[in-house]
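Worksheet: the structure to be examined is printed underneath.
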Amino acid sequence: MDMIIVMKSSATAEDEQSVVERIRELGLTPHPSRGEFRTIIGAIGQKTPLLQQQLEQLAGVDEVMAITQPYKLASREFHEADTILDIEGIRVGGPHVNIIAGPCAIESREVLFDVARAVKEAGASILRGGAFKPRTSPYSFSGMGKTGLEILKEAGEAYDMPTITEVVDPRDVDVVYQYADIFQIGARNMQNYNLLLEVGRTDKPVFIKRGLAASITELLMSAEYVLSQGNHRVILCERGIRTFADEVRFTLDVSAVPVIQERSHLPVFVDPSHAAGSAISCRNWRWRGSRPVRPGRSSRFTVAPIGLCATVRRRCCPTTS
Amino acid sequence: MDMIIVMKSSATAEDEQSVVERIRELGLTPHPSRGEFRTIIGAIGQKTPLLQQQLEQLAGVDEVMAITQPYKLASREFHEADTILDIEGIRVGGPHVNIIAGPCAIESREVLFDVARAVKEAGASILRGGAFKPRTSPYSFSGMGKTGLEILKEAGEAYDMPTITEVVDPRDVDVVYQYADIFQIGARNMQNYNLLLEVGRTDKPVFIKRGLAASITELLMSAEYVLSQGNHRVILCERGIRTFADEVRFTLDVSAVPVIQERSHLPVFVDPSHAAGSAISCRNWRWRGSRPVRPGRSSRFTVAPIGLCATVRRRCCPTTS
Amino acid sequence: MDMIIVMKSSATAEDEQSVVERIRELGLTPHPSRGEFRTIIGAIGQKTPLLQQQLEQLAGVDEVMAITQPYKLASREFHEADTILDIEGIRVGGPHVNIIAGPCAIESREVLFDVARAVKEAGASILRGGAFKPRTSPYSFSGMGKTGLEILKEAGEAYDMPTITEVVDPRDVDVVYQYADIFQIGARNMQNYNLLLEVGRTDKPVFIKRGLAASITELLMSAEYVLSQGNHRVILCERGIRTFADEVRFTLDVSAVPVIQERSHLPVFVDPSHAAGSAISCRNWRWRGSRPVRPGRSSRFTVAPIGLCATVRRRCCPTTS
Amino acid sequence: MDMIIVMKSSATAEDEQSVVERIRELGLTPHPSRGEFRTIIGAIGQKTPLLQQQLEQLAGVDEVMAITQPYKLASREFHEADTILDIEGIRVGGPHVNIIAGPCAIESREVLFDVARAVKEAGASILRGGAFKPRTSPYSFSGMGKTGLEILKEAGEAYDMPTITEVVDPRDVDVVYQYADIFQIGARNMQNYNLLLEVGRTDKPVFIKRGLAASITELLMSAEYVLSQGNHRVILCERGIRTFADEVRFTLDVSAVPVIQERSHLPVFVDPSHAAGSAISCRNWRWRGSRPVRPGRSSRFTVAPIGLCATVRRRCCPTTS
């Protein structure tokens, strides 16, 4: 990929077609990505000296960029300043530090309200809860589905927190859109490209968790899938990688945070819950986070913030993404 | 999971309901999985001495098993003999050795026919070709889609080989079913559970590639998803794992083959194409496979069989699953 | 290993011999480890009910322990309270937080004094500097040897800091002992058992860095080598492990700290210098350490404390252990 | 490193000194490595156009090479043809396939003779046996030492096989030299540079096992240490790397063989014994090696040849290098 041509949101289908044809005439291969809000056209091939200027003069073209990284819209080259999102009044990214907390799976209205109150008191600003759960075993509880989403929405409103929940199937994007404020893409779906394209066609924030063997480049390429569809509200999350070290479930790659921040403008969260491993091996776990850890009144969960942000998770939940 | 109750294919909805209720009365939690051909009911909880006999006497129950592994239907405990599949006359599994070969992506009718002839001559018995390609970059060619499937079907018929192609979206299962003989689940979708459930509801073989950081147990759990829906025609594939060693793209985990064969009755293939890395680092690659390697007349592909089986892949293709 | 018998420091050779014979009579195999200060005798074999009492009554026996872990003297089972060392007036371990800082390799008296002053001002309490350098390449500078040790000792005295330096060869233990206050065992020598035995026969602290693919158990077993010789002044160090993630040179395994603290009483340090990777990828590296980071006046080094402690290292130094 | 200057074996100390001075005058830094048989001088710095010719004209200089790899003498650039060693009449390297076999540790004369006869019958051409054992635990049997070496020498003579044994301490090089035909450097000592230098000063072959997290480049750098001292009889060995996959003890990196063969002229062996894991997980282990596997008459060991060569190892031995 040598260039990306960002079309204006006001560009017409004819403008697009002209750009595509011009790219072909110049001996390059066009790759249009039509998002809900604007179209981006990749142009692959041998770059000629005046190419950039030639393309910039075409009708409907907003910007033309030569980008050296495989990810384009996710890169700092494309967008130098930190992206700061406003999610129902909560500011995410740049200097803002947020805690996302809540149960792994929504099990009942009562429990979720109980947890929501506790995490709110403990300083969380966004409520999480799983309604569609990707489970290693087909025989495990796979979530309450739409009923869970309804409960999550209610709890978020009751405790004044925006909500986040995982979506695992492109066919569920619509229903999740109706109830939650942020789409979570789990680690095991980080490269489920059709799912990424589907949430990329909406206007709600997408929280992408790093795959358990994904490089930073691959994580940013997954962000690119969402961004390429016109949805620029992407949040990234380091959650631990799979290594030979088996004392805890995953090895938290703390260096991922500065590496991502250097390469991308997108907000980064850290989810230490998988890397914190089992309850037993966490006994001496003492993180000095960015805000005081006030243990919730319920003993069912731990708050373990490091770096920028964290999720809170009940211990009962052995396999999540 | 303590037990699985396999219902007869003739069992009625009432039979099922009775078993579910009986499980509850016994203080266990029932987890029915309704496949197209039969229902399997998991029963989690404290096992009592006579439990197995009690459940076996219920109407519609075929078998009740206590299985120690997290995977049940995929385990040798459940099915001791090797599973041998008949795929359009080709026998797969047990002592049978097959070579799956073909291009990464179908690019044109002409090229695919050319490749099909070459790999047939080189000893391949199943033709592969990608129509829906999962690509790291949203700007890359993502396959010809349905047109590609049509070409694949034609080529398979012309050269008398069953065909395999990747499916990446549960919404594409129907169209792929119409054209191909085997569903391929790529490494990046190994834990795309809804996709696994969808192909599990069909009667065509499912070829599951090991995720790049998946344990053998996780691979077998993915097989379990398909099996739990009543589709027992599952094939597994080792294709290299992600490790610190970066001289080649992936580290082929050769020991996975005997480990899988010990734990499961399902057929296993090896795909050495990713682990063989770049063309440059393959110069001295000399495998002594199970059948003589006859280099195809086209220099566009390598045949690199090890262990049981292999795919053939064109060099042009940097990122596949 | 079922038991370890700790002999009193006043035990005679005859006492030892009696214990060894008694162990044999009981059908076990004795494994005496004679340290400078006391002898420890392992007894492997089938444990009988009264074994512990029988052995405890023998002359010269201080304590008899059945320990379930492969490491014995390093375990919390053996020594419940945190070990706190006094190194030339500096307290290390338990609640004490120290910073070890200094150049990778000692290059000249002038530079080392310059660095020593800067790191002292920046809050370091122990001075490091390499005189014997393990280098990946035989053609690289391998350190100033004894001259370097003399400079290090002088600089430590001038700035009132105890000193630490790496020892790589059992034949160098004597000369390093004369000049430095702490022996450093590098990651590549973590399982150089004869070297561990040699420093275990001295009375100076031994700082063991985790091997780049070592498990926590293996790290504690290396500590056990030193402890088994009677030298109880062992310090452990997490410095990053080798994983697939290649954005930085090593992945700092932050969870190693609480895991070690749970299993062992020994002090733990963290060396973030390898994991911080290259200068380029550290640009956004912002650790909130346990004490304010005051940048030294020299731009030649970074101070990057996390967790308990850290080393400071010049950037010029691509390959150390 | 830009250049290496290989001195003639007839070069005098004065010749050497002149070259060193000339290198300094040219603005480069000289790094002489004096082997027993010849001296090699590295020259680091900015290369000027006529440099190579200027250095080649100096007295005593045999050859001057600009080598792009960090390893020089180990590279194919330095020595294009396969190195083939003659070890007591056994040819190793190039097309020759050998099996090294024998017990992990020598336990008694009787057992070793028993094993030697069995492995000879099974096709082994070189006898292995450990006299100095690196053990994870200080309480484990660490070998019979010199007595073991004597038994090994006798058994090798009795069954007409050259012998290989591990050396773990530079102080033991002399005694091992007296008894064994090949020095084995274990995986845990692959970067014990002083040990490598010491065996590099002898004229007996050195068999270097890849460290469990070592890259191919690091393995070749360790070979370079031996080669730089004038001992050109180096053999490399892939024995499995540490990865997340824990079904077997180590993941055999089969691709290491062609990668090494491409980059280096040195012979390569494969030791599958660690990667074959536990007896339990090997039940279905069926390698089609380069020669028929005749199971020894003793059930105490397996012969598991793949690729080029293999060692045979008794099952009793959980931790070796």
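Assorted remarks:
Note that the chains are named A, B, C and D in the order they appear, and that numbering of residues resets to 1 at the start of each chain.
Assume a residue touches a chain if its C-beta (ideal position, glycine included) is under 8 Å from a C-beta of that chain, and two chains touch if they have at least 3 such contacts.
All values reported here derive from a predicted model rather than from experimental measurement.
Steps from subunit B to subunit C, minimised over paths through touching chains, total 1. Each chain gets a centre from the mean of its Cα atoms; the one farthest from the centre of subunit B is C. A rotation of 180 degrees, rounded to the nearest 5, superposes the Cα atoms of subunit A on subunit B. Taking shared numbers over all numbers used, the subunit C to subunit D interface scores over half, which places it in the same class. The mean-CA centres of subunit C and subunit D are about 29 angstrom from one another, to the nearest whole unit.
A straight line joining the Cα centres of subunit B and subunit D is 41 Å long. Averaged C-alpha coordinates put the centre of subunit A at 48 Å from the centre of subunit D. Those residues of subunit C in touch with two or more other chains are numbered 213, 241-244, 246. Contacts between chains leave no pair untouched here, as each chain touches all the others. Across the interface of their complex, subunit C is touched by residues 242-244, 246 of subunit B. Of all residues in subunit B, those touching subunit D in their complex are 213, 215-216, 241, 243-248, 251-256, 258-259, 261-262, 275-277, 281-286, 288, 290, 306.
Considering their complex, residues 1, 4, 31, 33, 42, 44, 70, 72, 134-142, 168-171, 188-189, 191-194, 197, 211-213, 218, 221, 224-225, 228, 241-242, 321 of subunit C touch subunit D.
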